[in-house]
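Next come two complexes, and both contain chain A; in the first it sits with chain B, in the second with chain C.
Showing the complex of A and B:
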C-alpha cells in the first residue's frame, strides 16, 4: 500500500466521520430503549441518563405484554418475511438469468415489463388486490401477504440481479456448456454462487419493506391471528398514546427482535459482499 | 411461444440470409424451453398480483360510481382534479411537497451514502464491520418505530432535543420542528434520510469492493492516490450504481406515505404542510373526518402518480442509463 492510503491523519479523519455518523444513527434508538426501562418521572426528568437502580421500572413492558400478543405477531412477521424472501430470490434470480443470458424475441420488452414494477407501487392496485383475495378466499391469511410481497419484491430483484449477471464472464458459462452442463446446472451451480453478494444485497432490500409494511397487513390480514408485528405495534401505540412507559416499551419490543435478526443476518450479508468482491 | 424462444441471434447460420435462416430455425433449432421455465414463475405471480390489479386501478379512474353502479366517465375525473380549485390546490401542494422531499434525499442522503461507503471501503480500516452494521440499523426499523421515536424525541413535552442542543450550547435554536409549517416537511425529509442512508451506502460499498485491485494498483503506480483516486478512478466505475440509486430514490420518494402517516397522521399537518402524493391519495381513497372515501378519485390520483413516476423512469432509462459506461472486469 502506498503512503497516502495509510497515513494516520487520514485514518483518524475517516474514523471521526464514521464515528460521528454512527452516533447520529444510534442515538435515537438508544434514547428510546434506555427510557423504556425507567419510571415515568425519570423519563421526563433525565431522558438522557441510563436507568439507575432508583429509576429502573418495567411497568411499560408489563402493560405491553398484558395487552398484546407480541410473540404471535412476531412469528407471523417472520413467516411472511422469510417465505416471501425465498420466493423473491429464487424466482427473481431465475428470471434475471433468462433476461441477461439468452437473446430471444421480446427480451427487452420482457425486461421493461418486469421493471415496470419498480416504478409503480403495488399499493396503487390495492382495491383490485383486495377483490382478488376476497374472490380466492385468501383474506386474513398469511398466504395473501406472501403473494403480494413476492410480486412486490420481484421487479427490483430481477432488475438488480440482471445488472450483476451481465458481469458474469461468458467464458465460464460457455466452458460449462462445452462440458455438457444443462442450462439449469449452469444457473444453479455456476452463476448463482457468483452473484451471491448481489443476492445478499437484494435480500436486505427486499426484506426491509416486507417486514416494515403496515398497509397490506392492515387491509389484507388485520385479524388477531394474522397481525404482523408492525401492525400490532401501530395499533398498540395508537391506543396508549399518552402512556409514555407503554409506548416506549412497545417501541423497544419492536426494535429489539429486528435488531437481533439483523445482527445475525448482517454477518451473512457482509461475508457475501466481501466474498464476491475478492476474486 | 415457439417462434419467440427458438430464434437465436448469435446463431452463425444467420449470415445465410433471411430465407435460409427462417428455414433452419424452424427445422433445426429446438424450442428453448428452459427460457420459459426460468421466466414463468416470476412472470405469472407478477402479472396476476401486480399488473392486472394496477390496470384495474387505471380503469377505475375512468369511471364514476353513481348509485353503486360504475358509469363510464371518460376523463371527467382528471378534469375535476385539475379544474376544480379545491382538488387542484391540494394536488399541486402535494406534488410540490413531494418534489422538495425528493430534492432533500438527492442532496443529503445520496452524497452522505457515497462518502460513508468510500470511507468504509478504504483498506485496512479498523472496525469497519461495526460502523457498517451500526449505520445500517435505522434502515431496518419500520416507519412506525421511526415516526413515533422521532416524534417523541422532537416533542417539546419530552426534553430530549432541547437537552441535546443544550449540551452543545444551542438550546435557543430549538423549535417544535414537526409542528411548524415552514420546518415540518424538511424535518420529515431529514428523518427519512436518517433512516435510509444505509441503502445507498451498502450499494456503493458493494460496487467499490468489486473494483479489482489491479485497477487501483495501476492507479497507484501512476501516482493517483487519495482524493484524486476516488474522483478519477473509483467514481466513474461506480456511476452505474449511483444511477440505480438515484432512480430508486425517485421512485421511493414519490411512493412515500408511511413515515408522514406515522408521524403526522392522514391529515399531514400542520395545515397540509407535509402532504405528499401518498397521503393525499390515502385521504381521498379512504376518506377522513367528514369527507367520504372516493374510490374513483383515489384511482385518478393513483394514475397521476403512476404517470409522474413513469416519466421519471423513462428519463432514467432512455437518457441517463444509456450514457453510462459499463466496465467488465
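Showing the complex of A and C:
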C-alpha cells in the first residue's frame, strides 16, 4: 500500500483486530496441544500453562499409541479423506464443466438441482443412508464413508467450480477444438490448470469436515477395522472416567495430517479466495 | 484450394434469431471481411464456418463439400482469436505444433513447417518461451503462426487486432495483408472496425441484424452504397443524413459524406454556426449547426481555422450526394 492511502493509526487498528481474531481462533488449539504434553494433575491444576520440566509428561501419547490401533485409525481417516476428496474434485469439476460449457435443455435446472445439497444437510438422510448401506452390505466398510462424503462434498464443489469455469476463455477451448483436442483433453489439459486455485479452495472446504466428522463413522463404520481417528479418540472418553491425557494427545495427532494437507493447498487457496478481486 | 459457399444459413439461440438467412460465396484466394456493429451476427457466422457452433438451417460447403457434420479439426481451417487463445502451459513451438501433432503429422514435417512460419513471422527467438513471457503483439503473431503451420484451406480471423494497441494494430494489419499476398490463401476476417475492413479486404460483407446488407469491394461500398446503413457504416467520419423534407426533396433522406462538403465563410448552400472544431493536423473536422440541414460534420483536408460560434456556409460537391427512400434503399 502506498503512503498516501495508509495511515499508521488505521494500520495499527487493522493489525490489532486481526491479531485479536488470531488469538481467539488459535486459543483452543493451543490449549489442546500444550495440555497433551502434561501430566494429568497439571492439566487440571494449571490448564493454561505450558509444560514445565516438572509437569512434562508423554503418558497421553504412550496410551494412544499402546491402546487401540491408532495407526490403523489414521490410515482409515487418510484413505477416506483423500479418496473422497479426489472423487469430489474429479466429478465436481466434470459436472461444473458440463454445466458451464454445454448448452442443453434444463441446464439451469440441473445446476440448481446439483447445488440443492448445499442447503439440505446430508445428515437429515442418515436413516435412509443407513438402510441403503445395510441393504447393499456396505456397513462397516470405508467405501460407505467414501460414498457418503463424496455426495456430501459435490454440491458445493459443483457450485463453486462452475462459476470459475465460466471465466475460462471460450477462445482457448475453441482453439483446442480446432487443433483437434478431445473434450477430455480440453478439460484436463486446458481448463483444469486454469481453475487450480478454485480447486484448492474446494479441496480445503471439502477436506476439513470429512476429516473431523464423527457422525457417519459412528453410524456407518464403527467396527474396529474401519474406525477413523475422530471415532478412535472417543474410546478415551468414558461415561464416568475420561482419560484426558489420551484424548488431548489423540486430538493433537489428528491435527497434523490435516495441517499438512492444508499447507499443500494453502498457496493455491489464497489465490483462489482473492481471484476475481483484482483483474 | 479454399472456396467457401454459404447457403441460406440461419441460426437461432432459443427464440432469438441471430442469423436470418445468409447466402455468400467466397472464391479461392479471396480476402473477405465480415463487418458490422456488435450483435450483428458476424462472429456467429464465423463460428458456424469453423464448426464451433451448429447451424439451425442451411448449408456450409468448403471446397464444394458439405461440412455440417465435420468436426472443426477436420474442416481444413485455422482460426486466430481475439484473445490469442494460446495454450498457457506450452512453449511457442509446441503451441504451433499441437494441431499437427494431434493430426498425426510426422515430427520432421512439423519441425519444417514451424521453422518456415516462425521465420515468416520473425518468431525464431521466442520458440522456447511460454506465452506468459511474450508481449501482446508477439502473442498475436504466435497465434497467426499456429494458424499458418496447419496450411489450411481457410484462414479465419476473429477480430484479431482488437486487443492490440493502436500502433501495433497498424503493424499487424500490414503483416496480415502481406501474408495474404504471399500465401494467396483464402482468408475470412471478422471485425467491427471499418478501417480494417477497407484496408484489408478484397470483398467486404456488411452485416446488420443477422442479414447481409451489401457485399462488394471496398471502393464499391464507399462509392455506391446500396442503402442508408452501409452508407453510414463505411466511411469516417460518418456520412451526414439530412431529412429530405427539410430540403424540399422527394427522397426521404439525403446523405452527404463529410469529405464531400466544402466550407466557405462568405457564401454557400447551407448557412450555419461552428459548434466545435477538431484539428487532426492532416485534416480538420468541423461540426456545424446549419439552419436548413441540421447538424453537419465537415471534413476539411489541411488546416482550417474556425472559432466555435463563427458563421460559415457548407456546400455539397455536385454529384456526391446520395438519396435514400423511406425503406433506406438508394433511390434515383
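Keep this in mind: the second predicted complex is superposed on the first by the 220 of 279 C-alpha atoms of A that agree within 3 Å, B and C clash if a C-alpha of one lies under 4 Å from a C-alpha of the other, contacts with A are read in each partner's own complex, and residues count from 1 in each chain.
Heads up, the rule we're going with is that a contact is a pair of C-beta atoms (placed from the backbone, for glycine too) under 8 Å apart; a residue touches a chain by one contact, two chains touch by 3 or more.
Since we're looking at a predicted model, the values are computed, not measured.
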item: Which of chain B and chain C A:184 touches, first, second, both or neither; value: first
item: Partner chain(s) touched by A:253 [first = chain B, second = chain C, both, neither]; value: neither
item: Touched partner set for A:172, first chain B, second chain C, both or neither; value: second
item: Broader residue contact with chain A after superposition on the shared chain, chain B or chain C; value: B
item: First (chain B), second (chain C), both or neither touched by A:205; value: first
item: First (chain B), second (chain C), both or neither touched by A:146; value: neither
item: First (chain B), second (chain C), both or neither touched by A:89; value: neither
item: Touching partner for A:105 - first (chain B), second (chain C), both, neither; value: first
item: Shared chain A surface residues [contacts with chain B and with chain C]; value: 169
item: In the complex with chain A, residue positions of chain B that touch it; value: 3-5, 7-10, 32, 34-35, 37-39, 41-43, 45-46, 48-54, 56-57, 60, 112, 115-116, 119-120, 122-127, 129-145, 148-150, 152-153, 158-160, 163-164, 194, 197, 199, 202-203, 205-206, 209-210, 212, 220, 225-226, 240, 244, 247-248, 251, 255, 257-258, 261-262, 295, 299, 302-303, 305-306, 309-310, 312-313, 317, 326, 328-329
item: Chain B-touching residues of chain A, taken from the complex the two chains share; value: 1-2, 4-6, 10-11, 14-15, 17-19, 21-22, 24-26, 28-29, 31-32, 43-44, 47-48, 87, 90-92, 94-95, 97-99, 102-106, 110, 112-129, 131-132, 147-148, 150-152, 154-156, 158, 160, 163, 166-167, 169, 182-184, 187, 197-198, 201, 204-205, 208, 211-212, 214-215, 230, 233-234, 237, 244, 247-248, 251, 254-255, 258-259, 262-263, 266, 270, 273-274, 276-279
item: Of chain A, residues touching chain C in the complex; value: 169, 171-172, 174-181, 189-190, 193-194
item: Residues of chain C touching chain A in the complex; value: 47, 50-52, 71-74, 77-79, 81-89, 98-99, 102-103, 146, 158
